[in-house]
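One chain, chain A, links the two complexes that follow: it is found with chain B in the first and with chain C in the second.
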Partner chain A sequence: MSERLSNAPTPEGEYFESGRFAGLSVLLGVIAFVALALCGAGAVIDPRQFGYSWMFAFAFFFTLCAGCFFWTIVHYAVDAEWTVVVRRQLENMGVLMGIIALFFIPIFFLRHHLFDWMNIPAGTEENLDSKRAYLNLGFWVVRAVFFLGFFIIAAQLLKRFSVRQDKDGNPKFTIWLRRVSFISLPLFALCITFAAYDWFLGLQYRWFSTMFGVYIFAGAAGSSMALLVLVITALRKAGYLTNVVTVEHYHIMGKWMLAFCIFWAYIGFGQYMLIWYANMPEETRYFLVRNTESWWYLSMLLVFGRFLGPFVILLLQSIKKHPHQLCYVAAWTLFMQLLDMYLVVLPALHGTGIHLSLWDFVALIAMGATLAFAFLRIVGKTSLFPVRDPRLIESLKLVN
Partner chain B sequence: MDDAPTAPDVIRGEASASVGRPLARVPLVLNRRNFSWITERISGVVEDRAPRWWWVCFTITAVVAMIGLFCIGYQISTGVGVWGNNIPNGWAWDITNFVFWIGIGHAGTLISAILYLLRQKWRTSINRSAEAMTLFAVMCAAIFPGIHVGRVWMAWYLAPIPNNYGIWQNFRSPLMWDVFAVSTYFTVSVLFWYTGLIPDLATLRDRATTKIKKFLFGVFAVGWRGSNRNWRHYEMAYLLLAGLSTPLVLSVHSVVSFDFASSILPTWHTTIFPPYFVAGAIFGGFAMVLTLLIPARSIFKLHDIITLQHIDKMAKIILLTGSFVTYAYSMEFFVAWYSGNAYERFAFWNRVLGPYWWYWWTGMLFCNVLSPQLFWSRWCRRNILVVYFVCMCVNAGMWFERFIIIVGGLHRDFLPSSWGLFVPTWVDIWTFVGTLGIFTSLFLLFIRFLPMIAMSEVKIVLPGADAHDPTPMGHHPVQAGGAPRT
Partner chain C sequence: MRTPYGHEVYAMAAEYPSPHALYEAAKMVRDAGFKRWDVHSPFPIHGMDDAMGLGKSWLSAVVLIGGILGISTAMFIEFGSSWGLYPLIVHGKPYDWKVVPAFFPIMFELTVLFSAFAAFFAVLIMNGLPRPHHPIFNWDRFARASNDGFFLVIEARDPRFTEVEARELLERSGGQHITIVHED
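Moving on to the complex of A and B:
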């Protein structure tokens, strides 16, 4: 007990020393700068391929940040205890939505290379004409501004109130944060669904599925939990949060990874099976591309890698309670999310099979390095956990 | 890194003092009731003589149930023609009732299994009666597809039993999957319910005053002694059954939704149907749990066990699942329009403005979409009358929803010359009403003969169950037997 007391966190909280990682920060900044410069070249040299590569990277990072935002609002909405010690990192990743919004600017400029419906004049295609009330440039831009604006404003509010509570521990901030979260929940559902329709499903505007928004959400929630595991473990490896985040928290994070591994499979299977069973041409077109030629191998890898493998492994309690081992599963889950987004975006361009492009990697590195650089800048500005959260002690004493 | 520490018991400094009063956790059992009070109060319902109201209610529900059984007998002996089913409405009230009851049967196992895995301790006050309700609802549900096949005596063909005729089931049919899904769900739900009952049956055995009761409760308590070994096995079995039941909660209504969604009929073939049906089932199931528990709570004076906090949380789940149902309704409409498919668009407009328009406006829109929105307000979630009103709306709304999906999708199909409306016959109506009688009769029997609240589980969430509870049981203001300390 005395040993525990001596290791207990102090009321000042724990701060990430940015100076210790200045080298890493500079390296990330340089990589981001060079990769973004290359992206500029890519947008000129091969705008269509680059547009899809950029969209693929955007889909991956957007879903991760949206997922982190989701877990933050759920934390407040259900008055959870266990999340308190890891919540600050969710908030930090949620506010990166501001940078995600900047990454949308190239999509706007490359829109004619991405969205065929924008290039088809009125009166050419009856089906498209019948939905011009939704698929028109003005409304598309308004929606994008609304979706990204919502995420940015709500994520900022969640972070700011939480940080203000660090100073005086006033429970009124928790009440305010709950209100923000309650309002955010339906708006989150609306935004992620229609963002998925506009940006990903819009790449193949003739295809439709009522499940698509839920599918994108399922991937976002599961992969963002995996990202959280990796971020928390990296911080612990650097010597932070060692007395705050325990194996019990890892156990719960592992359980959520398992739950969303199953949920993703359930949603994905439900969507696929019903379309396969009914076998109607206007619906099967999406999966026909992904199940033929070389795309088939990636689709199979997704089935086994995103569901069957992690499902079996995450059933084991010992894995979930073992941070190091859980990190392998989390990293694999992130890789599978990457593959999933690749399969959502790229077959719309390369219907005849896999066509890896240099720009796929460059766009991914550019966004990843920029976001990591920004994260390192953000993470040191506040305590690594909400030090005066009213539920902190319950979170510290967590036992599954 | 790998040997992460266990949680520190105490945090230094101010943070520990910062828990604000508005955020304080309210006890799950009020007035610091002790173990003895809980045993007396819950066992008393079973041990005391049946009150007069119980006999009145049971007589009424039993008569209604008998009428229902008569209708079922009449239908079996005469044929499916006694119903209002026709072409194009080959499925109508029968399958509506089936889906309605299966949906009701979701809340119990959700409360028992999923909330258990999520460590939601508040479930202990309501799980037993919700599980019982699940079983009775699934029994009612199973009646309809059974008698809808026409020749009930051939229903055993549904089971995959190799037989002399060389008939083998069509495993590609979602109707076949239904048989497996529902029967598995019922089996596991019975096991789960019975496992949870064992410690309480032993309590009743130990308190029994007659030999017959002692024998029966003794047999069903399977030698429970409350030993460490007993509890260890019990908790492992409970956890495993919870793990088994959780995917079943999701799978049953997903498979029911496949009955419709695997077709190519507009309004039926919708990919969001599986999660939408599951959410709708939990939505309707929780409403039914509250419909039964709110009166039971008042009649048996269980306010300290089923508190406003429990009702508040259940109302939140109704709001959550109702919101997902609203989301699904909205996506159906949006995608029907977005698809540009003339048949899809027509079918959804027909749902809103066609012959059954009022089912949609009152049942789906008012009852399922609008009425649960009252639960955004804490005051509404804690006002029994408002909660009851919303639950009744949801009960009705979920039946209307299934009717709209089934008959709404069939009555105006691809061939306008075959369009036709469905009009229920007296057999349709009384068969459904009869199942309401069967359901309520079984529930009344349950509360008379078995403990309606899981005594052992409620005791576990009492502060006194914690070895480190700062207030010893003897210092609690209420003594054994429930008499207030003077």
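Moving on to the complex of A and C:
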């Protein structure tokens, strides 16, 4: 019910011309190739430090991809309208999970440098022996295959059905996608929770926190919404989606960023306060490392930068309705997610303080460039928004 | 303004067949320059505030003030008692600023509580509630506003209001059952 119907998009959809960005694509490919080659060297020169650096980069990009996957299944599960015009980009980033799964292979080979529990023989540590039913190599590999396999298969189904609907607009695909999403919702919750336990919590096997899975999820959902804002804005800057995505969509994306900024703080503080208040030695070791020495400064930066700053800024309606300004907040949120993952992974190695390594950057650039390269390859193959989605018109006319 | 029979006039009102018709009518009334008028529908209509030219509500500012008052109150009673009046070591925790995580739950709760109170009472005051009776109920058809009726009411106290102009505008916008509503 608005005046925006006059500029309805063409039924053919909009297509990203990969040729226009061939230079960028080649540049990213070269960077990715060089950085990955350097990574190979790093794995040989300093496997322990490199393993943690790689794990840090993996945590960052895995949470982003999982978050995009989450928003896609939520879209179908709740039959949302506003997401339709931005959904194709969420699908595109979701299918990158296939490459994330490849990035897991080095973690498998470097596992003895990362996961101390794998190096301790049975019978030496009673606490660990009581966890052996869960923490054993065979089950750990089976779980990893299951988590990544689920993400890959479900993300591919979401993308394929959605693309097939572009051709004929058959509403049966929406029904199928809804079924995929209903099945995926509980599986997603289990996968991201136990993946967080296995890969990130497992770095400090003596520590335990039932909140940790939700904590990783909260960061993933919020930062992937920030990533979506940046990707959509980049496409609009390149001249696409200009009549399709409006300030109303930005407003909603901003609201979600605010919501998950608060949710992240709620979960993070809920996890911290109970452990801090009870003050039991076997629980406090995780935060003890992160609250002492130079790590303390980064932890404080996280409190203010991930929560307080964006919270106050995103409260303003004018920011959320201003794409340019929202992009600054989104970029900052992504940076804070990076810091968050750094604080989850690296203190497990450098218990005595911040120790920046060259490999932190190399691993991050290698993964980022590879994923960006793959994204540029994928994005041009289909329309930039689902052209025959039954709810497209509602999404175009969105007012909130 | 009075009718020939001596009744004080409250407003000129019309009924519309659909939310869309009401939405379009609202835009016409807005563009005609009326200020004191309102629409009534059984459910919220997206975009109606724009169509009515309402602008941003002041409610959020009131709620923000409520929230700031809430967090200040919590900080005052917590820091005041723990640092100033009775500095005790409880649960092995110090009583300097590092103990602040223990205070966060109260700060959060009072922020939410005061914001909710501010929102609740501000909504009542801004809408002129509680109000036992309203002149618009003198119109029988208006009972359907909570069921399936869509209404637009231009009040007589609007400076631009004249009987002829208001009636003509409502007719032009597709209003049905156009009527004058009495004040009493």
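The rule is simple: the second predicted complex is superposed on the first by the 393 of 400 C-alpha atoms of A that agree within 3 Å, B and C clash if a C-alpha of one lies under 4 Å from a C-alpha of the other, contacts with A are read in each partner's own complex, and residues count from 1 in each chain.
Throughout what follows, contacts are C-beta pairs under 8 Å (C-beta built on N, C-alpha and C of every residue); 3 or more make two chains touch, one makes a residue touch a chain.
Every value quoted in this text rests on a predicted model; they were computed, and no experiment measured them.
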{"item": "Chain C versus chain B on the shared chain A, clash or fit after superposition", "value": "clash"}
{"item": "Touched partner set for A:Gly98, first chain B, second chain C, both or neither", "value": "neither"}
{"item": "Chain B versus chain C as contact partner of A:Val247, first or second or both or neither", "value": "first"}
{"item": "Which superposed partner A:Gln317 touches (first chain B, second chain C, both, neither)", "value": "second"}
{"item": "Which of chain B and chain C A:Ala189 touches, first, second, both or neither", "value": "first"}
{"item": "Partner chain in contact with A:Gly305 - chain B first, chain C second, else both or neither", "value": "neither"}
{"item": "Dominant contact partner of chain A by residue count, chain C or chain B", "value": "B"}
{"item": "Which superposed partner A:Asn127 touches (first chain B, second chain C, both, neither)", "value": "first"}
{"item": "Partner chain(s) touched by A:Asn400 [first = chain B, second = chain C, both, neither]", "value": "both"}
{"item": "Interface residues of chain A shared between complexes with chain B and chain C", "value": "1, 273, 277, 399-400"}
{"item": "Chain B residues touching chain A - in the complex, by the definition given at the top", "value": "1-2, 4-23, 119, 247, 250, 254, 258, 261-264, 269-275, 323, 327-328, 331-332, 335, 337-341, 376"}
{"item": "Residue ranges of chain A touching chain C (in the complex, touch as defined)", "value": "1-2, 269, 272-273, 276-277, 279, 315, 317, 399-400"}
{"item": "Contact set on chain C toward chain A in their complex", "value": "19-20, 23, 45-47, 50, 56, 60, 64, 91-92, 101-102, 104-105"}
{"item": "Chain B-facing residues of chain A, complex", "value": "1, 4-5, 7-11, 126-128, 130-131, 134, 169-172, 174-175, 182, 185-186, 189, 193, 197, 208-214, 233, 236-237, 242-243, 245-248, 250, 262, 266-267, 270-271, 273-275, 277-278, 280, 282, 322-324, 387-393, 396-400"}
